[in-house]
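I'd like to ask some things about the structure below.
Read from first to last, the chains carry the letters A, B, C and D; within each, the first residue is number 1.
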Amino acid sequence: MDSERTIIIMKKEVKLNKPVLVVGLPGIGNVGKLVAEHLKTEFGGVKFATLYSNHFPHKVIMLKNGGIRLVSNRFYYLKSKKKGGSDIVLLIGDDQAVTPEGQYEVNSRIVDFFKDKLKGSFVYTIGGYTTGEPITGIPRVYGNATSKEVVDSFRGSKVLFGQSKGMIWGSAGLIVAFAKRSKIDGVCLMGETSFVDLDAAAAKSVLLALAERLGLTIDTKNLDQIITKTAQAIKEIEQQMTMAFPGQQGGPGAPEQHPTYIR
Amino acid sequence: MDSERTIIIMKKEVKLNKPVLVVGLPGIGNVGKLVAEHLKTEFGGVKFATLYSNHFPHKVIMLKNGGIRLVSNRFYYLKSKKKGGSDIVLLIGDDQAVTPEGQYEVNSRIVDFFKDKLKGSFVYTIGGYTTGEPITGIPRVYGNATSKEVVDSFRGSKVLFGQSKGMIWGSAGLIVAFAKRSKIDGVCLMGETSFVDLDAAAAKSVLLALAERLGLTIDTKNLDQIITKTAQAIKEIEQQMTMAFPGQQGGPGAPEQHPTYIR
Amino acid sequence: MDSERTIIIMKKEVKLNKPVLVVGLPGIGNVGKLVAEHLKTEFGGVKFATLYSNHFPHKVIMLKNGGIRLVSNRFYYLKSKKKGGSDIVLLIGDDQAVTPEGQYEVNSRIVDFFKDKLKGSFVYTIGGYTTGEPITGIPRVYGNATSKEVVDSFRGSKVLFGQSKGMIWGSAGLIVAFAKRSKIDGVCLMGETSFVDLDAAAAKSVLLALAERLGLTIDTKNLDQIITKTAQAIKEIEQQMTMAFPGQQGGPGAPEQHPTYIR
Amino acid sequence: MDSERTIIIMKKEVKLNKPVLVVGLPGIGNVGKLVAEHLKTEFGGVKFATLYSNHFPHKVIMLKNGGIRLVSNRFYYLKSKKKGGSDIVLLIGDDQAVTPEGQYEVNSRIVDFFKDKLKGSFVYTIGGYTTGEPITGIPRVYGNATSKEVVDSFRGSKVLFGQSKGMIWGSAGLIVAFAKRSKIDGVCLMGETSFVDLDAAAAKSVLLALAERLGLTIDTKNLDQIITKTAQAIKEIEQQMTMAFPGQQGGPGAPEQHPTYIR
């Protein structure tokens, strides 16, 4: 069985026009997850592929309908509303790989798939950035890009380049690095966040910056309500997944600190 | 030597009729272990294959007869008492794989073996589920299945679907997920348990549900006694294995927290 | 370079007669190390092969002569003093592999080498066994063997079979298990020990039992002095290796708890 | 994509004369880093190759110019100022591999590259050595070498051989060990240090010993200022990388204790 490596299973064949990738995997403040889920809901994302990997934590999620879901990352497309405009590919998932080797493998598969199969040419990874200081007012959006040209292309936007310090761990960083190596442009957009599990305010800032960049019209009137609802929904799911006494936490097969996997 | 991968060594050739798999590996409350051991004892399970893996903890068990046993998972068959009825294959073992990659490999070998070699078509994995609340009365049995059809097939039984939240770690979850991917039906049955090492009451609830499902006649008169005896026997073995000062705990070659491997 | 797997480099070709293997790698009480070092010194062991592995902790030992030594396990032979008698192969080393996969690989290489290259037919692994109770009088020697026949062959000796409970971690256990799988006989002899780093008393008990078994004449008059000296020498080396502020402890490349590797 | 193994990408072809390698990767006191950075700055090191590995921590560094850098090790050359003199190759980097297997792979690639591609014949690895005692006066320089001949060649210098005890973890040790196995000479030079993140005094001692050995004329007048400036610059970068609230610390994809990776 194809269970012993990283595989991407196509659910349906797609023909996308100059697609851009928006990666919203679990991470700090779950900013990426909130942004990607919002785009999926507001614009009707259609799932077309699923990535499984033996490098993901070895667990299965218990679903409300009595079924199960093996940990995975899922690809959705949003067709462009403008003639000849870029389609959007969303990557949303349950978790990230555990080891360096696993992270290198999963993220390079994602970039190879996006470039070779989907003929993509630009990647956006979404994350959170903590300055350590209290956030006053609207959270800022920080960026780090594959090249000076990409940084320059953001001139006039609210995205701040060169002000974020430190490291980007996991997919949000490696996908941009691998895109750069594959001669694809890209940027990591990070919403300023403190240590909350689901930072709706940070997600909103990034969403607005991303929408402006991609030429999307976001329904701002209800944006706050919607984001808060999405945050609550995700929080609910996450609580189920990481509650004090989840189904079969611990025991053989469970790593020592698995509650920290999903934030 | 075949020591550097996952292998299943056939002790005797078998011809099984439409077999179902019942997986009772170490886990929360050791519910699965109790259930499987009980079925093996009550119905005379015959060992026919052993699975070894370089992904299992690198230890050897000291036996009462002065011998040794390398950590393994063992397959037993129970021939159906009914003409044309499904035979049962039990999977019982000492431990589970340590890493995600190890878990993916071992569990996919198990499913491949069951499907391709034994021509099996349904898997039951047994585990424990902790709600966090004190258990009043008879422990409930929760289920998560590969499909809606399987959930529906439990209508009228006492198994509760869609009420368990969170994650299933290790073999109990992955075997069901891999069965689903291999187009085999399956379900994880979890006895409601709190944090005891060997939950005989939870095991009894699952045993009754499983017996009803499989059309087995369980000797209920002595069930409590038997289960309690089995629990004590397992507890004895486990205490030997994880006692405060076990043979050669720690030192080079022993991982930092190995006492948590067996519960 | 052959640095990325487990290799055994022959320093000199040897022709051994019906050799038996005595494994004394670091472990509880360092009983095995003391026993093997003593045999090497008393009977003039000659080094003939070295095992390196990319599964050993990634460190180098700083030598008194200003040189360095990469972590390894080393094979020595002791020619039998009796005509037609079994030669002895000693395995002594700096450390053991870190992961299950590493342990499975290194120990199966050792058994394959002993069986296929050296035509060996019996393995002794030496370790320590902690009962948790204070040791009164002469430490006992516990044994666990590959078969009933081996257990029976110890009748009349002081070695106690079937009284040790729990698990044997690492090489002391796996080498016996792999020997059994390769149709070679073997036994793990464990000296009763409490939690000291170097248990000379336990080593002496095992040494006497082993000497009787192998028909070796141990100089008992000086045995205590010699063992104590050896223990001190090993303690010195170990202290150098694990002293409070060893050369380049910690930092990138050093694992979090490496002082526990050598005991 | 070549993201799933260790690769060395040549930026420009080079022809070096009897090159010697000076390895200054992150480690205790960052002595190696300080020494190598100083040589690079003072003598104008030219980058000619970059080593990437899926065994490095899975993170990306956020740059001041708004760009990103994937964790790597980088090779620089310094052409000899003397006719026919040995060129110098510097190896400077962000981090080291995490596991034994990763360390063995990365360091053997480095030695193979240096020997086979660059035709190198001597390696210097630079590190720190902590005695545990307070350092009075000028920090000493300790050495451990591949052979007696190399030790002898340091006679008359200030480098102390045979006085350092314990272990050398990571690249500083393994590169010397692998050099020895590849029949290349080498030495690990360690500056006496206590537990500071950046020990400029230790670096100065090693720098002077190395300069004397390599026949380099170091500008001693400004050495202290320069080293202190370099230390401050590195400290700044490191603080950015490991500050209390770095960009996207923690969360899925980040290991549990990553702040300890860079010192």
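The rule is simple: a residue touches a chain if its C-beta (ideal position, glycine included) is under 8 Å from a C-beta of that chain, and two chains touch if they have at least 3 such contacts.
Quick caveat: nothing in here was measured; it's all calculated off a predicted structure.
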Can you list every chain that touches chain A and also touches chain D?
-> none
Which is it for copies chain A and chain B: same residues on both faces, with over half shared, or different residues?
-> different
Where the centres are mean C-alpha positions, what is the separation of chain A from chain C, in Å?
-> 51
At what distance in angstrom does the C-alpha mean of chain C lie from that of chain B?
-> 36
Make each chain a node and each touching pair an edge, then name the shape: line, ring, star, complete, other.
-> ring
Which of the chains touch, listed as pairs?
-> A-B, A-D, B-C, C-D
Residue ranges of chain C touching chain D (in the complex, touch as defined) = 1-4, 54-70, 98, 102, 240-254, 256, 258
Touching chain C in the complex, chain D uses residues 25-28, 95-97, 99-101, 103-105, 107-108, 111-112, 127-132, 142-148, 151, 161-162, 164-174, 176-178, 180-182, 188, 190, 257, 260-263
